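Residue numbering begins at 1 within each chain, and the chains themselves are lettered A, B and C in the order written.
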Amino acid sequence: MAGELPTTDEATQDSGAAPGRRAFVTACGALAVTTLLVELGTDLEAEEQAEGPERYDPREHYYGMGIDIDKCIGCGRCVEACKAENDVPRDAHSFRTWVERYVIHADGETAVDSPSGGIEGFPEPTGEAGVLRTFFVPKLCNHCANPPCVQVCPVGATFTTEDGVVLVDEEYCIGCRYCIQACPYGARFLHPTRRTAQKCTFCYHRVVRGLVPACVEVCPTGARIFGEVHRRSSPLERFRRFNEIQVLKPHLNTDPKVFYANLDGQVR
Amino acid sequence: MRPMQGYVYPNEFELHWGLLIVVYPYLTGLVAGAFILASLARVFNVREVQPVYRLSLLTALAFLIAAPLPLLAHLGRPERAFEIFLTPNLRSAMAMFGFVYAWYLMVVLLLEIWFDYRKDLVIWSRGSTGVLSLVRRILTLGATDLSEGALRFDAGAGKLITIVGIPSAFLLHGYVGFIFGSVKANPWWSSVLMPVVFLFSAIVSGIALMLLIFMISSLVRFKRVDMACMDKLAAFLMYALVVDFSLEMLDFTQRLYEAEESIRILSQMLSSRLVLSLIVLQVLVGTVLPLMSLALVAPTVRKQGLVKVPDELRRLIYFVVAVLIQIGIFSTRWNVVIGGQLFSKSLRGLTVYKIELLGIEGMLTAGAIVVLPLVILLVLVKLLPPWPDAEAGATAGIGLGLAVSPARR
Amino acid sequence: MAGRSARRWVAAVPQQVRHLGAIFALLVAGLVGARQVLVPKTFGERGHYRAAAVDSIVAQEIGYAGHAACETCHPDIADKKGQSYHRGVACEVCHGPQAAHVLAPMDHKPPAPRERAYCPLCHGYNPSRPTGFPQIDPVLHNPVRPCISCHDPHDPTPPHPPESCAACHGEIARTKAISYHAELPCTQCHAVDRRHSVSPRQQRPSKPTTREFCGRCHAQDADSPPEIPRVDLASHGPGYVCWQCHYPHHPEAR
């Protein structure tokens, strides 16, 4: 049982020491955790896993996320997991993902709130008279295929990887915050001490090892679905086949890769 | 001010671009405006404004030197700023800053000033010793040829650069407007008119600034203020102001008439957060009042102005108008930069801007950066006197009696 | 010859241009040189960014090991949970990020939340939660006792079935309690199979489907107390079933 675990340890240390990307990726492919996952089978594609110890090739993947509004219970576990996994500052205005609550009143007024990003859940609203509909909406970086943030970065410190993930180079970012202005979704923030832009990475460090993003891992109701776009065997593609899908602010032509099912028109 | 209201995305809690980014377009606007005024004198041969030609060039240079400072100070990691020159992202409006700035500083302003002053520099630095003279000698770059052909070349090159400089000045400030106008995520900024509005407000602010500097410098030097020049400046100021105001109203009308999704939150912002800075300072104090004053006293429609007033009073009115316009244009920049961040991109709430006094992005830094170009200008004026009576060969010259005829050497 | 003509050509260029040209050449050379030195090695390898940045992002430490890692060592709990309503809830939702525990099981013991405040994060009544998601009122539902005294988190179905409908249908119970229908028991309108409290999804209660059902109290000729409001079933909203306009748990609401 525990016999396999030291292997994992070694592999992780290896990967930490390997300098080049290629060497690293090889090491990471050899990671025992991945092998472990192959044997067990995970949410990720079976044939992806079958490659197992071979190196991770970003060109063979293209990631996206699905969110089912009808399943979100607003528990905020995703927000907590994101902060824990990615060492996100624990203040009330630095979030890589957060949950919003919409309360649409019968008179057409819509109230939205997100106390502390929803990390501690939501207090029961007072005065619920006249509520027409109410629901939760998890938000995160949309990893747009046509990302305005990447377009405006003056130095090339934010970029789209070959597998479709928008990342920030923390050692190169000059902290001009133009990307924060350009993001229509409020998905970026300036790290209060590092003074560089930060955002959701789709937990890229997990994804290349065959794990799902932390928020997806901990979502108790399966409201978040991670997978590959345009691959029929992907859980995300299945989600997109069986649901009517919307994206946020489609008129801006950012081409988001976070797909919402059962999204209300009031959500912006 | 009222606290946050409605819903604001959690990450929008803080304003990301503060006072320093208000100062930046304000300064570049003055650069572009001052330069365009200078080119009026040179390219279009407006004789009346000839006295401010050199002064405008130096002012443009002084403000251009200070212009990147607010940007640098506001960066999260200023020590990495050089990356913008190393690996500029050609698709980024902001990355173009490096190129536009370098082009404008190196190719346009410095060259034009150099060609214009070269003869004087050579003459001033001759025969005298001392630090000032040494600096001037270095500034000649060793190009001491004062033959007729060389001087003709100077004039020609200067004129050519000015001609190139006009579109460059348009580019410099139009580009600053584009930085904001191209942000499609922000309905307050996203507008094709933004670069044009920036440009004309730049011209307005630049002319007003030159009016102030010209007047003050004349008074400080105990010279009679050249009213012909002042009147011409005031007339140009009025024309520019009319165009600027029309464009702003066009932009405003278009937004109001289209009444897109964002109109609700924007009008909420206008009627609560921007009453003072937009309606009072920018429109009433900064535009309508100066416009009416200029229309009455400046020689635009008629040679004498609609109301004939004595020179002293007119001068005073020009002075007040120019100050009001500076306040108005600064408010314009404020309303664009800060206004564009006071509402949430969820279009559901308004936030507040808490302005700091101290701190790197505080009022003191911003104030220092606004004052700095005036200090630089003072140094430049000492180094390169822009006064017509200081020109070598014009009169006895300043400090050196070497009135060498440029024809022979 | 060639040298002399070249020199003459150079001499023909104005002195100013020659000197400026030299300075500009110096500047350009400086910039090009600086670029050579300062541009990061891997910049531009895969696009307009530092390819090495991907390495440092990938090198980030993993906090959540993933449920598959837990299940290898804890098959008994995994099996138990796999059969329960919590089958979709990953271990690390409650036990926190445990990659450290996977690497050194004895050194890092996963915490387990035992306090009463934890479970309502998901199961406390909140109207914004999707209909049908099991919710309780943390104030009224067996006060003070920790949730785990009745519910095993790995198999949360309570040992004895809930006694009142309100235990699960808190939202409806509370709405009904302040309405004119407060006095009516749920069974007045719903036929509930005994097994519903154990397998709620398999045995769903019935719902009234006809106008006549409501008419039993609210029709003009109904045999019910006189203070109950009456309607003429023939003329009052013909063609609609009552609940299409009146919410039965709060009928006076609009």
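Some points to look at:
One rule holds in what follows: contacts are C-beta pairs under 8 Å (C-beta built on N, C-alpha and C of every residue); 3 or more make two chains touch, one makes a residue touch a chain.
Nothing here was measured: the structure is a model prediction, and the numbers come from that model.
Relative to the centroid of every protein C-alpha atom shown, the closest chain centre, again from C-alpha atoms, is found for A.
Of all chains, the one whose CA centroid is most distant from that of chain C is B. The centroid of the Cα atoms in chain B and the matching centroid in chain C are 52 Å apart.
If you average the CA atoms of chain A and of chain B, the two centres end up 44 Å from each other. Taking the mean of the C-alpha atoms as each chain's centre, chain A and chain C sit 13 Å apart.
Across the assembly, chain A contributes residues 156-157, 172 that each touch 2 or more other chains. Of all residues in chain B, those touching 2 or more other chains are 86-87, 89, listed in ascending order.
Taken residue by residue, chain C touches two or more other chains at 43, 48, whereas all remaining positions touch fewer. If you check the complex, the residues on chain C that touch chain A are 40, 42-43, 46-69, 71-73, 86, 88-90, 92-93, 96-97, 102-105, 120-122, 124-130, 133, 254. Remark: chain C residues 14-20, 23-24, 27, 31, 34-35, 38-39, 43-44, 48 touch chain B in the complex.
Those residues of chain B whose C-beta lies close enough to touch chain C in the complex are 82, 85-87, 89, 106, 111, 114-115, 118, 141-145, 149-150, 153-154, 157. Of all residues in chain B, those touching chain A in their complex are 6-7, 9-14, 16-17, 71, 74-78, 80-81, 83-84, 86-89, 91-95, 97, 179, 183-186, 340-341, 344-348.
Interface residues of chain A, counted against chain B in their complex, comprise 92-95, 98, 100, 110-114, 116-117, 139, 148, 151-157, 172-178, 180-190, 194-197, 252, 268.
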